[in-house]
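A, B, C and D label the chains in the order they appear, each numbered from 1.
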Amino acid sequence: MSARWERRDIVLRTNATGHQLTAPVFWCHGRNERPLAYVQANVHGAELQGNAAILALFDMLEKDPPRGSLILVPRVNPIGANQQVGDYVAGVYDFHSGQNFNRGYLYLTGPSRASSAPYVDVDAFAAVHRDATLSEIKDGFHEALRAALHAIRDSGVTWGLDARLEFALAVQELAVEADIVLDLHTGDRAPRFIYAPEGAVAATRAFGIPFVLEVPPRFAGALDEAAFVPWNDLSEAFKRVGRSDVRRSVDGFTVELGSMNTFSMAQGVEDAKRIASALKYYGVLDGEPDDPAYRIAACSVADYQSIAAPAGGLVDPVVTPGSPVRQGDLVARIVDPSRCALPPRSADSIIEVRAPEDGVILLFHAFSSIPKGVRLLSMMTKVKSL
Amino acid sequence: MSARWERRDIVLRTNATGHQLTAPVFWCHGRNERPLAYVQANVHGAELQGNAAILALFDMLEKDPPRGSLILVPRVNPIGANQQVGDYVAGVYDFHSGQNFNRGYLYLTGPSRASSAPYVDVDAFAAVHRDATLSEIKDGFHEALRAALHAIRDSGVTWGLDARLEFALAVQELAVEADIVLDLHTGDRAPRFIYAPEGAVAATRAFGIPFVLEVPPRFAGALDEAAFVPWNDLSEAFKRVGRSDVRRSVDGFTVELGSMNTFSMAQGVEDAKRIASALKYYGVLDGEPDDPAYRIAACSVADYQSIAAPAGGLVDPVVTPGSPVRQGDLVARIVDPSRCALPPRSADSIIEVRAPEDGVILLFHAFSSIPKGVRLLSMMTKVKSL
Amino acid sequence: MSARWERRDIVLRTNATGHQLTAPVFWCHGRNERPLAYVQANVHGAELQGNAAILALFDMLEKDPPRGSLILVPRVNPIGANQQVGDYVAGVYDFHSGQNFNRGYLYLTGPSRASSAPYVDVDAFAAVHRDATLSEIKDGFHEALRAALHAIRDSGVTWGLDARLEFALAVQELAVEADIVLDLHTGDRAPRFIYAPEGAVAATRAFGIPFVLEVPPRFAGALDEAAFVPWNDLSEAFKRVGRSDVRRSVDGFTVELGSMNTFSMAQGVEDAKRIASALKYYGVLDGEPDDPAYRIAACSVADYQSIAAPAGGLVDPVVTPGSPVRQGDLVARIVDPSRCALPPRSADSIIEVRAPEDGVILLFHAFSSIPKGVRLLSMMTKVKSL
Amino acid sequence: MSARWERRDIVLRTNATGHQLTAPVFWCHGRNERPLAYVQANVHGAELQGNAAILALFDMLEKDPPRGSLILVPRVNPIGANQQVGDYVAGVYDFHSGQNFNRGYLYLTGPSRASSAPYVDVDAFAAVHRDATLSEIKDGFHEALRAALHAIRDSGVTWGLDARLEFALAVQELAVEADIVLDLHTGDRAPRFIYAPEGAVAATRAFGIPFVLEVPPRFAGALDEAAFVPWNDLSEAFKRVGRSDVRRSVDGFTVELGSMNTFSMAQGVEDAKRIASALKYYGVLDGEPDDPAYRIAACSVADYQSIAAPAGGLVDPVVTPGSPVRQGDLVARIVDPSRCALPPRSADSIIEVRAPEDGVILLFHAFSSIPKGVRLLSMMTKVKSL
């Protein structure tokens, strides 16, 4: 029996000439409504590869209908995707508000910058549901989160709905339903890596992605956090009333599928397999997840550190993203020809950049010429095996 | 005896071709080093009028040397001022980081997003200085704030100094010395108004500016807050150890000198008079501050509310910025010609926008065509007389 | 009997997420199909007021149905209108190609940069139609121009249709039908003025707009030229075969309705009256055109000169746009505070700009801070009365 | 004996805060002043690799002093290099004027859009110099070109020097002295290729670059044309007065060193060798040029054709830039997920793009997501061996 599909187009922005910038939402109903996965791609305008992964998932799901269900949203951010100035897309920050498109989501169990509307008080919820079943708790909390989103939308009736809020609501009204949320991004120039909730080791391993950044359950505005932190907060609240059986039942991952400005349908098939393996772990798809044969390198996001360019100039990377380095290793050269005196020597134009600690160089800036003080590279430190 | 002047150029950014973008700092030493005023203009690239005010202050100070001293910095943000795309400057958000140039300052007595370096613990300071004189406390706290800035700069040695931090430090290393800090901005399309610390009524009145937004002592990243909140925190800490005589001795104001993209040397002379009156209040200049004859309308920033555009379209303001309105009054029309059916009628293109509350319309968006959800206007509500 | 209206939405661009950016075309069929006026607004994204004029024309045409017909296109350029970065719209140059949106039209009777497709050979046409009636000539030439547009569209089949060409075709396939073409723009900061074909004095006067720039019949890429130059070329070709009775029967005007970034529905009613007066002259509307009581100042576009800013800095205009000046008059100050030495004097920051010739200052740059060498202002010289 | 070096910094733009954006000019005086090579890099802001080539030339020239002389200008365009919005540089079109930085040079022997100043009349020059020696002709023409540049600079005295003209003059006042001009660019995503003057086969081969576009002697605004077309015009003028011995003695090349946004010091050493080989051909360096063993594919720029994207979407290239293709071959896919109906199939999102002719795919757009009608790729057709 094949899956049942629905399509709905959500509005992310209405522009100054009244055109609606929409994203297509494909809802794949499998044998069961749950577990439900929410998968979106391209929230940052120049991070394209997740779209190829979703397209490959379409074909995979048509061939092997899922056990649970999926909401799939390619090209979720038509605003960012069209912020093209000259050749390239400047797709991280909203041209209208400076807002990072992945930092404006709503914290539904605590105060967030994006909204002053009331949120779900997890302690009050836990008090009321102290004796409820796990299933009642899960359903009740889903209902409470939905109600919080409704209240936020309603709060816009008097003073209007801010564009950032409208964006966040359009996404979160879908994502709030899910048991697992995957936000498909890319690094700047990077191998595949993943932001995973602390403690979700087995699920994280199922992706088979060799680099992992572990995210603590604290809300900082991103979608993965918006998905799992409320459920973590709920679990903690139940612990405070003496119930330790209420585990976090929703996970959120930011999956970085290589570099900005790369797009390959062929690689999309491989990426879809990685995602499918994780979805098997969660029971959304039938079958067993893959177990990666190789070592997975992990560190906390607190130990994921960036080097600010020590000078403005051209960037000549010395190591490939994904390479382990030792403290003091040369990792990049910043090159400014105007530093040459007479006679000019190429060596005089170079500022060497060395690793401040042992670790793994994970990411270089997307562009090979940057001002002083802009992120040159980011590296994992205090790396462990997962 | 004339004032003694010094000039020093500070570097705000070094660009990708190695050029230093600098701002000229003019230090006017009067009869006494203190009180010291720090006055900067144009931190947002399109907010120009403060430069005219500073130029007029130059002439005024040369004619009437000050009792105290002043640091004057026109064109403090050469990055923002040169973010010109087409005809206009997009000068609020840093093209490199999306950061609002007036939200990245450092909170020296608490945790801030801009830096993870340690800050001054006001309670520890109060404990140590419980029996100190007010003068010792003031000097000691100045010294502690300076030390915090040094520590933040030093924190950049290993991983490099982030461009936003470099900007903040360049400004705050000057502003931290001052007893009064004036950050000269403009509204989008607005009359003159001012953000003033809660409680600084007499000083605020001295500006003679008819609209006032009162800022509570909570840090949100702006320079005025970065200036006065640490001293407010200090005062509170001393209260906690039983001393109520340690009042906040530094004030910070954001002075909005009309609309973006206006610049008039003639008006600058008038603006300089407004500023001079406040500097007289603080004893930086000789003489008595003016006392405005007219009513000053004030509200808390918490009651300064914005209307998000209910539709994308052209903006036809109905009231002049600075006008009082009653709830339900028509304040603007959003016009989208594509809404016209057949036969087309201009009325069909119009979405009327009405005041949700009584108040004063203070500011319209700088541009007359905006997407849905972008700030159309901001208005004071719960207005009182100051 | 009321007019018969049709609406059709034309596609100007399909963006990277597949959304069509369209403009609404309102076709008002009056008592006769001809004379036919084509009126569009806002081809430059920040030039808004023409939309108000068109909306007012809607109401006027519904009240007084026209003798001829009109095609009315507000918001004709949704690409430019949405090139908003920060507060303002950068709407003159296409972010993708650097192309001025009003310089990419097709020259249908000569070679143009926009297309290498064949054009109408007016001499061949005149040879063939040497003995035709004026009506046959007009119909035949309309048909020939249409065929040229078709050929250009067809030329895109093999290698694809360039985005600039697609834009030009969408507009010109409508405009080519018209007897009079009005392209509603604004100046940067300017009074109302008009670009009018050389020799069209009576029609030009009918607008009642006090400043006129006379355009010679030479194609430089703008829509007004694209409209009238082919018919001028035709007239010249007929002269070469000995017929002087074939006058240019199509006129094109670029009407500048004040300053960028202003929009007023009330002013739109006044602008519609100006346009209606001209349409009466052309017989599109019933009635007599107004005859302005005041002097109209005119010069050739060849005598419309610009001053490049002699320094980078803030702009303090000394005269109001539309003011007559004498050679040597102070017209603006460029102000750069970094020029101040010690003690700083405001006078040292100023570079005075004086009129190089007698004339009328017509336009200042839209922004009050500009780099060296950018157009500071434009002025009419060798001004005459029309 | 080592070379004698001079350094001078030229001003390309003075920005709105009065900062001069300069480029460093390194003049290497070898054993003879001539032949003189002018080599610049990075006129388009995102085309970086030429800087690495120039830095490697520094080291090479210090080791082996040249027979002639060289002017070397890395980072020649600090305006374009700093037009960074978000991650990437939009460096082709001037944000202020929409002008392609490589289309605004001055045509010194004919009318150009950049200036209305008088140019050198080659026929008058040939008439006067009919009996002059070749050396007198060369010196005299150099002098005439210099005088034309002076006249253009002087023409800015009254109305000011337009920013584009200031840029062109700064470059051309240096380049006009040279016998060979190399403008180091990159393609979007491309192998190394070269724009070479028609007929300069041996010199072109000396670069050892496998793809060549032959440029006819017609001025279209680029620097290579600005360098060699006047000398070609001179040669033609002498032919018209009966002297065929006056050959074009200046060549200009645009050398495309791979893809935008790549920068490698190691590859720069290889690029410097390619350039050095050509400079040996011209006698600027000692020694014999290399003779490439492999076939060089060439076509006229008239046969260098672009495919406009047939739809907006993501770009999945099927062939590697530099690949030969046959008419009908699949060369790229445009992918728009919103095209998927239900059930969604990846195939439905794809628009296939096929080669319209036989040829070589030379270049893909720099970004993997583009609107409809934007250049998707460019290919050589009617390819021959050089």
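As a working rule, a residue touches a chain if its C-beta (ideal position, glycine included) is under 8 Å from a C-beta of that chain, and two chains touch if they have at least 3 such contacts.
This structure is a prediction, so every number in the text was calculated from the model and none was measured.
A.B. asks: Starting at subunit B, find the fewest moves between touching chains needed to arrive at subunit D.
C.D. replies: 1
A.B. asks: Between A-C and A-D, flag the pair that has more C-beta pairs in contact.
C.D. replies: The comparison resolves to A-D.
A.B. asks: If you average the CA atoms of subunit C and of subunit D, how far apart do the two points sit, in angstrom?
C.D. replies: Roughly 35 Å separates the two chain centres.
A.B. asks: For subunit A and subunit D, let me know how many angstrom lie between their CA-based centres, rounded off.
C.D. replies: The computed centroid separation for subunit A versus subunit D comes out at 41 Å.
A.B. asks: Between subunit A and subunit C, what is the separation of their C-alpha centroids in Å?
C.D. replies: Inter-chain centre distance comes to 47 Å.
A.B. asks: Could you pull out the residues of subunit A that touch at least 2 other chains?
C.D. replies: Only 15-17, 19, 22-23, 75, 81-82, 84-86, 89-90, 92-93, 95-96, 314, 338, 369-371 qualify.
A.B. asks: Show which residues of subunit A lie in contact with subunit D when the two form their complex.
C.D. replies: Where subunit A meets subunit D, its residues are 2-3, 5-7, 9, 22-24, 26, 45-46, 48, 51-52, 54-56, 58-59, 62, 72, 74-75, 81-93, 188, 260-265, 268, 314-316, 333, 335, 337-338, 340-346, 349-350, 365-371.
A.B. asks: Please give the residue numbers of subunit C that touch subunit A in the complex, ascending.
C.D. replies: Listed in rising order, the residues are 15-17, 19, 21-23, 75, 78, 81-82, 84-86, 89, 95-96.
A.B. asks: Once bound in the complex, which stretches of subunit B touch subunit A?
C.D. replies: 13-19, 85, 90, 92-100, 156, 158-166, 305-314, 336, 338-339, 356, 369-376
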